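In order of appearance the chains are A, B and C, and numbering begins at 1 in each one.
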Amino acid sequence: MKIDRRSFLTYGTALVLGGAAGSMLTPAPWKLTDDVAIWTQNWPWTPVPEDGEITYKQSVCTLCPGGCGINVRLVNGRPIKIEGSKDHPANKGSLCPMGISGLQYLYGPSRVTSPLKREGKRGEGKWKKVSWEEALTAVAKKLAELRENGRPQSVACITGSDRGTIPNLIGRFLTAYGSPNYIRSANAQDAIEQAIYLAQGKQGTPGFDIEKADFILSFGSGLLDGWGSPGRMFNLYGNQKPAKKIIQIEPRLSDTAAKATQWIGINPGTEGALALGIAHVIIKESLYDRNFVENYAFGFDDWTDDNGKAHDGFAKMAKKFAPEKVSRITGIPKAEIVSLARAFARASKPIALNGRGHGSVPGSIDESLAVQSLNALVGNINKPGGISAMPDSNYAKWPEVNIDEIASKGMQQPRIDGAGSEQFPNTRFLLNRLPEIINSAQGESPIQALMVTDANPLYTLPDTAATKKAFDRIPFIVSFSPYMDETASHADYILPNHSYLERLQDVPTSTGISLQVTGLAKPVVKPLYDTKHVGDSFIHMAKALGGFIENAFPWDDYEAFLKETLNDQWRKFKRKGVIEIEHNLPEPLAYTFNTVSGKFEFYPTARNSATQKENSALPSYTPVPIEGDVQRFKLVLIPYDSIRLASGYMANAPFMTKTVDDTVLKNQIGLLEINPATAKELSLKEGDTAILTTPKGKATVKIHLYEGIMPGIIAMPRGLGHTAYSEYLADKGTNFNELIGPIEDPTSGLDMAWGIRAKLTRA
Amino acid sequence: MKEKNNHKHAKRYGMVIDLDKCTGCGSCMVGCYSENNVPFKTDETNKLDSINWIQVYKITNGKPFPNTEVCYLPMPCMQCDGVGKHGHSPCVSVCPAVATDYDYETGIVSQIYTRCFGCRYCMAACPYHARKFNWWDPVWPADMEKYLSPNVSPRMRGVVEKCSFCFHRYQLARDKAYYEKREELKENEYQTACAEACPTGAITFGDLNNKSHAVYKLKNSPNAFRLLERLKTNPKVYYLSNKRWVRRAGDNYLAHEEPAKIKQKVNQHH
Amino acid sequence: MKETPLIPAGVKRCSTWQFSLWMTAATAVLAWGVYAMILIWWKGLNQTNMNDAYGFALWIWADLAIIAIGGGAFFSGFLTYIIGKKELKNIINFAVIIGFICYSCALLILAIDIGQPLRGWFIFWHANVHSMLTEVAFCLSCYFAVLTIEFIPLILENPKLNKKPFLHHLSHNMHGIMAIFAATGVFLSFFHQGSLGGVAGVLYGRPFAFREHIFIWPWTFFLFTWSAAACGPCFTILVTWITEKITRKKLVKQSVIQLFAKISGWMIITYIIAKTIDTVYWAFVTAPGMGFTLMDFYASPTYNIGILFAEIVLCGFIPGLILITKRGRENSFLLMTAVILAVIGVCLNRWVMVLQVMAVPVFSFNDWYTYWPSWQEVATTVLPVAYGIIVISLAHRYLPVFPQEKELNPID
């Protein structure tokens, strides 16, 4: 048969068609179809987690100062989930979303996996991996150099906490080295702590026995928005017998306000005036605890000092705050103020709290004093359901530090931040003043080397631009952060600490809690990367510096140090993970106060009255002079805190950001809350893009109409607008701190800015 | 009806969520993500392509300042019993490939990821938006794959997933009980991750048929309601709220209708 | 030996270059669609703008719509072979081709629309008999096979193929038994068109779609089958008219068109009456029973009550009334207006039954869901149009599609 083109085509086609049809009768196409489907069910890029034995390890969460107990589930020794520990006395099993997200910090893309030395310009992100030996030697060399030049005081260290052995170890290092500039980040407790100190003469973390209180009067404290120890607060609210009444006073309907018995909208910043107004009614109607006021308090009535000078008492001050006047200041109806005062005074265990939101900004001393006066008026001091100053646990005892002459000279220098100075005698740390001091210094920066651990000042300090400018003037910055945060990314060296789940640490619990509990954070997993315990880094540097400094650290490593510190309690601690010291409240009414008068001082004599109105130390109300011209900036911008947004040293894990509503963040732009009536005046609609301007900065925002905010006020959340970390967090929304600057409280020097004036223009 | 007789002692696992206790903290969501290997993307702000097995909605009473009220509403899969409570939930009956099924032993609506071929008919059927589609391949950056739980398979792109009432926890608890020669599970032996994660104890989980379980009593509270009951989906997730406007927001009502009366009518009918 | 021409004898076709140019344009559009299709298969459905609220969107609408307008094939088969309207033989070839195009595209779109295309066959293997989609998939595939069988004899009539004795006899014999296939096609179509109606109607979690009692079965099923039977012929008439305009010649006698249009008109009228009854019961009984008023469903700027008016009156009663009146049918402007309105009407109905179902908020606290297709979705939806143009162009050029063409356009 001759095969020509045509028959080739014909037979070829027939062959192909026949072949195709025939192959359908073979298993091949069916097997292939099945195999392809099976392949889609086992795509190699979809992970198959390794199975194995399930175990649990108890530890303590240190992502925030809350110090909640955690229970980590492991599979073959691999941590796979964090749940709340039911055995921990603070949180009793409750945990916030950040605590549950913990493993994302451990394994996440923001980890610094080895010591790094800066290669490019600061903040450029160019790093060189170096060995620990090289990194520690370089830092020690720089520190030795500054000491040799007789300037040990030009070294500062910023930490997140000043309680527990790690901060103490660092403090010890600085003392032996010769620098007084150990600076702890600020929080709202600082102002309350100082108010308590001024009134009671006792230094200690404020303890609020909310567990036993039956009436909570909260001046904007975000009790359910991450205030204090979040696990404890949630547990208290939901699982224990909650207070009969929770009154939440703030300009915005927060999650706490939503859960409160009553939400009272107040003009922002006027909380102190309201407290005095309530005091006015209580005094006027003689609803106060007569026994306490008459027998255990000082300065309620007018008094005369040793020099014969007459002073007004608290009652006279309160008299100036009649409900009509307070109503005008606060925007709260007069009748509401009166009934609030009566309800508060008549409750069996009332407690008044202040400190806005999470409590990241201290606020004014006047306000804290006014609120503490309310607690005193109802005699709610040092008793169940009341307020007390919690002294630090005294387990930490070390041999005295012997220091050399250079160190001695350095230690005699005033602190760079002015804390403890004549101007601010009762304040211990004033980080908020640091940028301004560095920026206004003539010549070179008074801080030549800065070490930062468990803190992220480049993000958390108000006025980000000024902070960055100040940091740029510091020639040598070392970060010990396990994560690539804003401060770490601007450092010269990063000496990464172990992440919190890899390190040993004692954790004193907690701000606001009226129990003395110390937890032990135990490593639940061996360090994943080339990191080093920050305690070990400091011990290593001390040894490298030699002499007296080396002698101050006779321990091989941090564990030896901790073991010796805890002494006979170590074994129990290690076994149980928690040391609980029930704080022994004095017998009711056996009030002990360490003030000059020996009483609770309504008139705080230890307060520097020179800076106050009419030279009176009495709590009063002076509006905080928030920045911005009223004509140019017609709106008032306030921050708000959310439990789903971490705004402190630790930033959001991807899981937390995933929970953030689209009314808070949309794509990369943050939403600004505004009352519909105000928005209408500005012709703004839901979802509009607008430019938000304050005297400190500018941001692009989207508009979110929210009935739960007072007209004329606009609010945006803290915790967004990161520039570092990973793409799961960076460049999302605006950092509130870029839009606001600090305002110094005249008494404490602490930041008391609650907001800033602002304007909105359509983009 | 045959199914009913075969499962005389069948469980009806369900949930009662006390909205008065829910603070909207999001712990349930995060607890669920980490329990169930839920993936995450760099941008999760489009809530319509964000995988959440339990999603917390924020609703308001719509009144202007200062009378505004807010309520958080966590929504897992409602595990509907369906019209007539026969297990024909809106989604199960429509899945063309039996990739989602009603388990008559527990009342839990399952989802088989390897069976699902991603037609999304179940999503169209579900009025609660409980079902989520894997629009992307899941990616766990850095070393995050290491925290994945072996008890729940990570899902591939192109399939639907949803809350399973942590069915793997039921399996583990049941295996343990069998091993210990027990027939019945104790109430606390099988709890969902969200119920455990809720720091205020707003979520109660248990067998709705079991009089000794807390949910049994709670669901009969006068403040209890279910979402969209009038659609006859018969959800096994109940809610509690002492606020009238919240209870009303749980379903659709004509202006003159009174929720309590409608609820009575709906329940009598079924 | 003289080369047999590819083009059927006795008809005139445009020049090769003209045809090539036309085909190139159509192929370019097709290529765009194919590119989008590959992109979707490669990267997944994240290439679309669908989301968890819009799990069903443009594609499902396109599927439902092209199946509805492809209904001309089964209905003309029904009329020709079962009722015995022999005149319609003059248009049935074209109706079959259009049907073939529509159904092949419907299957293709389904293959694009699913998240795991490589497992798509699970719908057959692991079939859930309760699911409307299962029913649709089975009937759709079977009916597509029937349409293919119906199309084959026509292909074999190409002069070149017809020269082969085997193919010639095959074609002849297939023609002989075509009535059986037509009947099978009608049977299958009644099922899957109805099931498609059920797709939305059974969603008892979706108050906008759900129908109660007899209004779900058989009413909804019936409505979909009926509307496809009513409007499918209109689409066939429309495409015939377009083909005539492009080729600049009459292809089907007006009497055939008139007959087809008249039957369609009566179908539309009866359909729209049934649809109105359904709507009234739904609006005044079913929806209020679930706590909704009719206007709750039309409270968005996009989905306002105008849509219901457009569907029922403008694109329902009006074309129906035009087509049942002799004067309306005989006025070519009115005829074409009615035909176009009817096609829009059925497409709008399918749109509403897919996209508005998704858009309506079921929770009192939710807002309307919005959706705008991505270019990939649009491209893959345009793909069938380009594909259809190519198939029709090829069929028209090389196959004796229109039996009356020679008579109507004699070559001197």
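Convention: contacts are C-beta pairs under 8 Å (C-beta built on N, C-alpha and C of every residue); 3 or more make two chains touch, one makes a residue touch a chain.
Because the structure is a prediction, the values reported are computed rather than measured.
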| Once you count every C-beta pair in contact for both, which comes out on top, A-B or A-C? | A-B
| request: Please indicate which chain is farthest from chain A, where distance is taken between mean Cα coordinates of the chains. | output: C
| message | Using Cα averages as centroids, what's the distance between chain B and chain C in whole Å? | response | 39
| Taking each chain's centre as the mean of its CA atoms, how far is chain A from chain B in angstrom? | 34
| task | Provide the C-alpha centroid distance between chain A and chain C, rounded to the nearest whole angstrom. | result | 63
| remark: Each of the following residues of chain C touches two or more other chains, namely 116, 119, 122
| remark: The positions of chain B in contact with two or more other chains are 46, 137, 156, 158
| query | Considering chain A alone, which of its residues make contact with at least two other chains? | reply | 40-41
| Interface residues, chain C side, partner chain A - complex | 116, 118-119, 121-122, 164
| note | In their shared complex, chain B is touched by residues of chain C numbered 44-46, 50-56, 113-117, 119-120, 122-123, 125-128, 130-134, 137, 199, 202-207, 288-293, 296, 357-358, 362-365, 369
| remark: Residue positions on chain A within touch of chain B in the complex are 40-41, 43, 45-52, 75, 78-84, 91, 93-97, 100-101, 103-104, 106-109, 111, 224, 230-231, 234-235, 237-239, 253, 255-256, 258-259, 263-265, 528, 643-644, 654-663, 665-668, 675-677, 707-711, 726-728
| field | Residue ranges of chain B in contact with chain A within the complex | value | 21, 23-27, 29-31, 33-35, 37, 40, 42-47, 50, 52, 56, 58, 60, 62-66, 68-72, 114, 137-138, 140-150, 153-156, 158, 196-202
| message | Show me the residue ranges of chain B that touch chain C in the complex, using the header's touch definition. | response | 46, 48-49, 57, 59, 83, 88, 90, 93-99, 115-121, 123-129, 131-137, 156-160, 227-228, 230-233, 248-249, 251-254, 257, 262
